[in-house]
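Structures follow.
Each of the next two complexes has subunit A plus one more chain, namely subunit B in the first and subunit C in the second.
And then the complex of A and B:
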């Protein structure tokens, strides 16, 4: 029963850090809500703003973009570009009056299994508080 | 800054043409890219000319802008730089768009020079095509008032209509002067050298023109603020999103006429987006109680905003090309403005300043990421 009321989060995790971090959380048998649907990308900078928008307009309650910590990018500088792009996307959300709490950028390294769990748990709790994505009810969106 | 006052010959366009002609005669350029009336007389398009006879029929400041000049230039330099020297006579927004495209490596600016003209705005193309003759007279009035309800909405709220923020080579000042003279202003060193070649010494005072520019800037800034606050109310919340774009018929015209949208394979026309299996739509429809077709029209607009808001020059081409009168340009201009302010960026202002998403700083924007040590 509880499963059904969980928010749905779409997560774009970079291959080199966040995805491995998620893996570590798994092999360490850490517990977290089953709310995240992970999608592995080669680098967080692969995430086109359209991905975030499409997930959101498609009814995802939250969208997580996650990559290596600044300075640790496998491709030297990919995540710096991600940050700029994400900031622009978030600003556009703000200007359109959409809930900016539903999109999130987190840096999670390969060794931070616990941090991955924390981020997902906290994000899920926040989304439970704000409720369902209002876009879900809009037939014309 | 000093300029050169040139007395008006019978009309504005002919006076500008005289200047262009003398530049051609002195061999400063091999060709000129300039707006020209189409044979039917109903519209304008860009012509690349090196024949002085053709120059007679051209219109350096046409009342409408059906083709954005930056797109014409993109066409010309698609395969690299031109071997001939070309002068482009354009509106300020067209030059700024061309500069943005050069940063995106879609336009090659070597051997290209720009001549900009104080721009009163462009009339709505659809209205012009209905009544070209009446509209020509109407445009004379616009040149007096410098604002009009017949202009594109974004033209009335444009704050970059003069030489500031536009890196052209030669600027022509016409605000408040069009009755008896025009002003020639060298903006760059290149422009200075060019004017030198046609024996024009820039030593005239331009303060009265500058006061006029400031006055109109103030007027347009007020209009801009008003329109932005109106839009701010309209764009609040997910429920209002579909109202904004509800008339859209998904023709993608706004994308095609946009000077900045350059991707050869657009995501919204790619197979990922278009060829979705029916089952997929059924699932979506079941979740929501129904879905609209064609799907993803809102995503198209929001996706386009997120891709090019930083480079949007507010030319209004998208809205002008829209068959359903969706206020696309006004929305883009409003959102573009806030996004550009994040990085203190004015698109097309500086040839050497990279577009903010093509560069980064190591220590910045921490308010957009999760706080550390969580």
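And then the complex of A and C:
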């Protein structure tokens, strides 16, 4: 069955842009692998680096953080903080010797259904190459 | 154990055909985490909603998970159902198994498994939901308009109505820049006639209280409840209350003193377009020697490079001036020296054609210098093809753009709104919120936001008025965002990190307690502070770390 071999991706999507873009993909009947399960947040700036680390320790093969394009955040500057926090997360990943290919930050607008599908499809393909999450610790911090 | 009810929506064939709902029901039943599972063909239909209310009540469910479509589609629908079922609307989680599963996953098994995971996550999340109360505050429908130019006047006229007072505060006299104009483009109507009619209207509208020769000393408060301290013409301080503020403080013409080649301030008969307007409004066009000029050059785009933006009104205004001179003085030669003609309105093209028909010359230049030879002003210029030439003229009009009112910065600081790279007020969003600012209830219109024609300024004033009329209704209370943040007193270390990141100034440090507090009226509920707080004290309602983590755990199981 397809599902067993698919990488498991957690997707934090902001309500205003990325969630709407993701829904547009569905409305447009675009197809993509069933690898990513979205978690809706009001703004991508709600995504604390700890969430990403926890997801990874919880067994996620990949984590996508997605918000509005720079300058378009519904809350003015939220996504600039997201960008900075993501850079920090990447650093932590490197320090821990983890593969930074497992985390991804993408700006997806409300009208970019196709882009959402492209991002998820490409990320899924990449993760297939990277392989299953080696940590797989069932323990949660 | 808390009684959670799960409802699966078939959405006609939309979900039922793409996802095996029976299998989902079977699995969830095995998990033994919900008190009941129901399935329905169309949950959002009248019949579906009735079914929900009855079923929720009958089963005495306390929390609800609905697996259906996107929250964009029906989250509010089902929150209303929650209320009708005597449950708090936030004790609910909607799972999007239509757009995110059924419609994008061709393989039924994969779609079913993804939907199952998402539903389990929602069940795990909803058990940690807190009941949230819709907060409301009294609000004041009155309006403060700062600046009594044409924009402020129009904004006041459009907002004043029964049950809604307007305070129109003007530093000098009502009218703004227009008080010094002769004619107006593109209609060529006398400016004073147009303006006086508007001012009479203001005076006749009982609901507008005009403060002339007055200053705004301070504006405090927030959407629905602002307080302004005004210093009136007798230098008394007066306090007025209003729910919203329109900033219409306009802009100033650029004075080209620093640009030596135009001869401004050096030679007698070199004027800015704004100064020339003053002459036309007094209807007297003569050179310093007292004679009418025989030739006039109008130079476009003066200072354009220095300012860094096009002021949109100067080209058409130059043509207006040219036409005025041509009509006033018999046999006068009028030449327009331009670089690029900017005609940003469909009416302006026609205006340009008419101007040409009147025998006004247009000359494209790449460089220009105003000089004087033996008491005669000479224009030395380089054409596009690099040919150099010189032309004797009696008068030069420099068409300069508009620059921000120096007070812009003061108001920006007072009301926590940003200014753009040039110093004008910055709108919330170029396309989606061109007259709103990031501070709710504060609007910007007219030249305070950037150079605009009278017509465009008035359109903005009307748009701001429309926003106010629809959001602050007399007698209605203002509903606040429920998913705001709050600070745990025991956890907060008073570091101030959250204060700096909040784009809305919703967080402040309470000096007596040395902890941060959230102003719930200002908080828009983005959750940024909750991510930034180093001690876990700032918490985002409905998006708590616990709720998100519990959702994650199930997704990853």
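Structural remarks
Just so we're on the same page, the second predicted complex is superposed on the first by the 136 of 141 C-alpha atoms of A that agree within 3 Å, B and C clash if a C-alpha of one lies under 4 Å from a C-alpha of the other, contacts with A are read in each partner's own complex, and residues count from 1 in each chain.
Keep in mind that, in the parts below, contacts are C-beta pairs under 8 Å (C-beta built on N, C-alpha and C of every residue); 3 or more make two chains touch, one makes a residue touch a chain.
All of these numbers come straight from a predicted model, not from anything done at the bench.
With both structures placed on the common chain, the touch criterion links A:48 to subunit B and to subunit C. By the touch criterion stated above, A:25 is placed in contact with subunit C alone, subunit B being left untouched.
Contacts of A:104 after superposition on the shared chain: subunit B is touched, whereas subunit C is not.
Shared-chain residue A:77: touches subunit B and subunit C both. In the superposed model, A:85 lies in contact with both subunit B and subunit C.
By the touch criterion stated above, A:38 is placed in contact with subunit C alone, subunit B being left untouched.
After overlaying the two complexes on the shared chain, residue contacts for A:58 are found with subunit B and with subunit C alike.
Shared contact residues on subunit A (touching subunit B in one structure, subunit C in the other): 48, 50, 54, 58-59, 77, 81, 85, 140. Listed in rising order, the residues of subunit B touching subunit A in the complex are 232, 235-242, 246, 267, 284, 287-292, 296, 298-299, 302-303, 305-307, 309-310, 334-335, 338-339, 342, 356-357, 360-362, 364-365, 368-370, 374. Subunit C contributes residues 70-72, 96, 98-107, 109-111, 113-114, 117-118, 121, 429, 438, 483, 501, 503-504, 524-528, 530-532, 540, 543, 545, 548-549, 551-553, 555-557 to its touches with subunit A in the complex.
Chain contact summary for the complex, subunit A toward subunit B: residues 48-50, 53-54, 57-59, 70-71, 77, 80-81, 83-92, 95-99, 104-107, 115, 118-119, 122, 133-141.
Residue ranges on subunit A touching subunit C, taken from their complex, read 1-3, 6, 8, 10, 15, 19-20, 22-23, 25-27, 29-34, 37-43, 45-48, 50-51, 54-55, 58-60, 72, 74-78, 81, 85, 117, 140.
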